[in-house]
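Data first, discussion second: the structure below is written as structure tokens.
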Amino acid sequence: MRGKVIRDVLVKTGNVVTAMTAGLIIGGLIMQAYGYDALHAYYSLLRHALGNPLTDAYPLTSTLSLATPLIFTGLAFAVSVRSGLFNIGVENAVYLGALGMVLASGLLRADTPLVLIIGSLMGLGLSVLFAFVAASLKVFRGVHEVITTIMLNWIAYWLVDYVRVNVFPDPRDPSKTIAVPPSARIPLLIRGTELSASFVIAILASLTTYFILWYTVFGYELRATGINLMAARYAGMKTSRLTIYSFLFSAVLGGLAGVCEITGRPPHYSITTGISNLMGLGFDGIAVSLIGLNHPIAVIPASILIGALNTGVRGMQIEARVPFELVRLVQGVIVVSLALPGLLSTLQKYLGIRRGRREVVVS
Amino acid sequence: MEDTEATGPDECLVSMKSVVKIYPDGTIALRGVDFTLRRGEIHGLLGENGAGKTTLMKILAGVLKPTSGTIYVGGRKVGFSAAADALKLGIGMVHQNLSLIPSFTVYENIVLGLSRRQLLNAKEGINKLMSLTGLKVPLDERVEGLPFGVRQKVEVLKMLFRNVDVLILDEPTTNLTLTETRELFNVINGLRRMGKSVVFITHKLREVLEVADRITVLRRGRVAGEVPRVEASLNLLAQLMVGKDAIPAVSRGVSTVGEELLIVRDLWILSDLGTWAVKGVSLTVRSGEILGIAGVEGNGQKELVEGLTGLRRVEKGEVIFRGQRIDNLPPSELYKLGVAHIPEDRVQVGLIQDFTVNENSILGIQRSMFFRGFLNTLAWDKVVEHASDLITKFNVIVPSLFSPVKYLSGGNQQRLVVAREISKEPQLIIAAQPTRGLDISATEHIRGLLLDLKKRGKVVLLVSSDLEEILQLSDRVAVMYEGRFVGVKDVGELTEDKLGLMLGGVSD
Amino acid sequence: MSYVIGTIINLLVSTSYAMTPLTLTAVGEITSERAGVVNIGLEGMISVSALVSVAVATQTLNPWLGLLAGVGVGALIGLIHGLISAYGKGAQIISGVGINIFALGFVPYMIIALWGVAGYKQVPEAGRIPRVAGLVSPVFILCVLVAIATHYVLFRTSLGLKIRALGEEPQAADTLGIHVERLQLIAAVYGGALAGLAGAFMSLDWLGTITKEIAAGRGFISLALVVFSNWKPSLALLGGALFGSSWALTEWLKVLPGVKGVVPVTIINTLPYVVTLGAVAGVIGRARPPRKSGVPYLRE
């Protein structure tokens, strides 16, 4: 009986590993098909992702730094999945979190840590506001969250672009917004790298999320609602209210990704044109969350994994000339593969691998 | 279908031999059943809940596969892998929850799946069939707006339009009005004249006597008897259905019956279909008393329980518990007042399958201050203590307190639910089908717990379609039939005949 | 006066362009959802097809081959999603999101891999679809025909009856001998093919270029259009015109004297999304989705 629990976890992990292998193989095939040397590319990816930690801290710190926003967005998505929602609005929460910092920097025009506090409050406030729109439309009007959140993503996108172009453009480089003042930035952990203390904040957020989900009544009810609405009602839970809270919880985590990204990543400390430095972080969170089995702690290694891919791909781009977008393509294949519930067992059947035990046919 | 034509009119059109059905969860539904159906006969299939009637017919209709046993249709051995296969051989089943598509029109439902060529003169054909059988339905209306009785006719027409020779009707009169039932019987008689065979699954004695030519009675997965209509009587059928061993000689234990704690007056509750499921039920229960509500499923018990426990709206009437109105209070409020609920569906309602034993042990009492620790957090040490307390006191066998309950056997899942509900120290416990599908030891254990509650002066409302359970536990028994109580009697007054008659809707 | 008429004609023509990808995609998705398969990967399918069709058209200098390739790629992704949904009983939403993420990487990757440029690639004049009477796109005409034909098939034929039964009550259909999985797969492929056509139209015809953000949320707006049109292809045509006009209006507003330079372009750009959000929120109470859409069909 106890074996069942362990087997369950093993099977799930096996599914993830299979999906990732599928992603890498298909990515390799696509590289090969367009004249790149896939093996060389993957080799250089691996080398740049790991480096030699003893002599060169850059690969590792870069990996952790790139993992940081993914931890936040992965958590945000995991929270929504745990409460039975498919909230793609994490993407706009990231934009808006960053927007809050830009607004605070532009409005206060002072080099003081106060900007960080006010900016994050504004950013999180904006994220929560947008999430509340989606949440109310879901709870009161029954509009599916996928539709609303995507529309809100685009509205947020253009709002941010509006601020970048019309309100607070960088006077020296109009492709960016003004930067967050130095004393409002999150300090770097290691000088000369990109790794800032926001990584620590991300770890703390992950622990906090875990704590909330498993050590508070709120988290208990959130998870119960996500798994079985009927049982939740039977147990006297107010399920609509829980749904709204779940949206807001996700928005705060997504907003933090934006805040930390813009205050804790050199060199820009601003929103760049086309929101290119933020775009897609929310979507990456979906892959991260699914790879991490939607568990707040497992989201950390999953983010580091994707972070390592993102680091390695920079080297790959230089050495094997493969565009870095390949990583997102691979992620897509991984997610599609994870949609199949019995990925591993299907594969086993297909490959003709027999289980040791024969199942008794009853029906 | 040359084989069928070779057989004479008295030959068996369908014959099922030693059919056994064991469900994947280990439940044995049929223990070797023989069943024959002649051409042009109306065959009543009688039995109470769990007798195996529906399972047997689902096997004949190709919906379920038998574990063992053989089926002959027109003398030829057949094996169905889907309902469509049975349909091709002329066997169609009208399920209790009809398989119609609500947003489709009647016509669309009838012709669904037919080829373009078959559709050419479909409307004409249906109209002809309607006048032939007397089944009048509005072809162009959407099914969702029609009353249940009409929908059922649509389903019957759908089968007849596909030229079935065997029509299986599963408890067809459950949601029908009296007039509708009359109409249905006329149709069935008409079908007999057309040479069709009908299997009429029911628990209603009078109806089966009225319409069937031959009656097979099932009891607990076996054939209890097969009687031609001329030899059948209400009493004989009731006896066959319930069995001689129904009334156990178990001491119920004495308790001092006290004040009236639960009073229900003229309760009206709607079903999911929007029809009245509970039609003016009144009851009172005193402390230290178990009121058993018996009845074949689908007579409104489920809705009654949901109405009393805050999961379904009470449209009319009042529920008074210890002097306080509690109708339409949410479950969280009811819990605070000392109402506990063992729900009928432990898999979907009573437990969260992916939650651990620990987590499930506080479902419904998660807000209790007892489980709070530092800074108002959930104190898992206290939860674990509570859970291990439950499993030792109530003999729940679990692989670990930290494993999901989906890995517990059905019996242990139910013990956990019962344990949790009793641990709430309720003044009133509403137990719906508390021992369904459990083995003997689990059953006895849970029944003992309910008796114990009663001895301690609590109120127990026991809803069960298991007669043995009702008779073993209850002080008074109410039998529910078509949304009403057929009668409320002290258990001592009941005989198996009388009970069988009440279950079949015959009051004295 | 002639200015007004010119403006109106202009708006109508640009609406015909803006509505075509939305309507095509929505009509395909309606068919798929009617059969019980929800695909939220439309956004990704539009952009992947847009890219592939440009690749083929650039190579062959034949726009029609490009269009065909776009349809084929859409159908292929639809096939994969259909296999996962119908036969694999998989999580349709996750598969759809995966398709979107894949496209997010695949399109910019291919733009670099194929042409060595980052960002966007212009379609050569010979690879663009010619216009009818110099004004209207043939794909727009095709789109209208497809919408009407799909409506006819769904609501007037026995095949349509079967498809609609799958999204409502697959079990009832199964009992009557309808091949649930096979038909669901076909519907998913059809939905993919139309999304592919929409993508090819955008790159080869309307915009004449491929960028990584070519879909710009249109896949999701099509999903909203599906809801707005109450799962009816004919209404998707009308709703498409409404949603499309908000895009046309957006472009018109941007250059309108008195607006231009006063209201920032970025703010005007939010218009189609706000309109979509409002329209769906307003209409949702009356819209009725197929009851079992998105739910894997498991037998007893």
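Letters A, B and C name the chains as they come in the text, with residue numbers starting at 1 for each one.
Following the convention adopted for this analysis, a contact is a pair of C-beta atoms (placed from the backbone, for glycine too) under 8 Å apart; a residue touches a chain by one contact, two chains touch by 3 or more.
From a predicted model like this one, the values you see are computed outputs, not experimental measurements.
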- [ ] Report the pair of chains linked by the most C-beta pairs in contact.
- [x] A-C
Open item on the list: Need the most distant chain from chain A, centre defined as the mean of C-alpha atoms.
Closed with: B
Task: chain A and chain B: spacing of chain centres that average the CA atoms, whole Å - done: 47
Open item on the list: With centres defined as the mean C-alpha position, give me the chain A-chain C separation in Å.
Closed with: 27
TODO: Please set out, as single numbers or ranges, the residues of chain B touching at least two other chains.
DONE: 64
- [ ] For chain C, write out the residues touching at least two other chains, lowest number first.
- [x] none
Task: Touching residues (chain side chain A, partner chain B) in the complex - done: 1-2, 4-5, 8, 211, 214-217, 219-221, 223-224, 227-228, 230-237, 362-363
Open item on the list: Touching residues of chain C toward chain A in the complex: what are they?
Closed with: 40, 43-44, 80, 84, 88-95, 97-110, 112-114, 216-217, 220-221, 223-224, 227, 264-267, 269-270, 273-274, 276-277, 280-281, 284-285
Open item on the list: Residue numbers of chain A touching chain C in their complex, please.
Closed with: 30, 34-36, 86, 88, 137, 141-144, 146-148, 150-155, 158-159, 161-162, 165-166, 280, 283-284, 286-287, 290, 323, 325-341, 346
TODO: Please give the residue numbers of chain B that touch chain A in the complex, ascending.
DONE: 22-24, 64-65, 67, 311, 330-335, 341, 343, 348-355, 359, 362-364, 366-367, 372, 376-378, 380, 399-400, 402-404, 407
Task: Touch list for chain C against partner chain B, complex - done: 157-158, 161-162, 164-165, 168-169, 171-178, 288, 291, 300
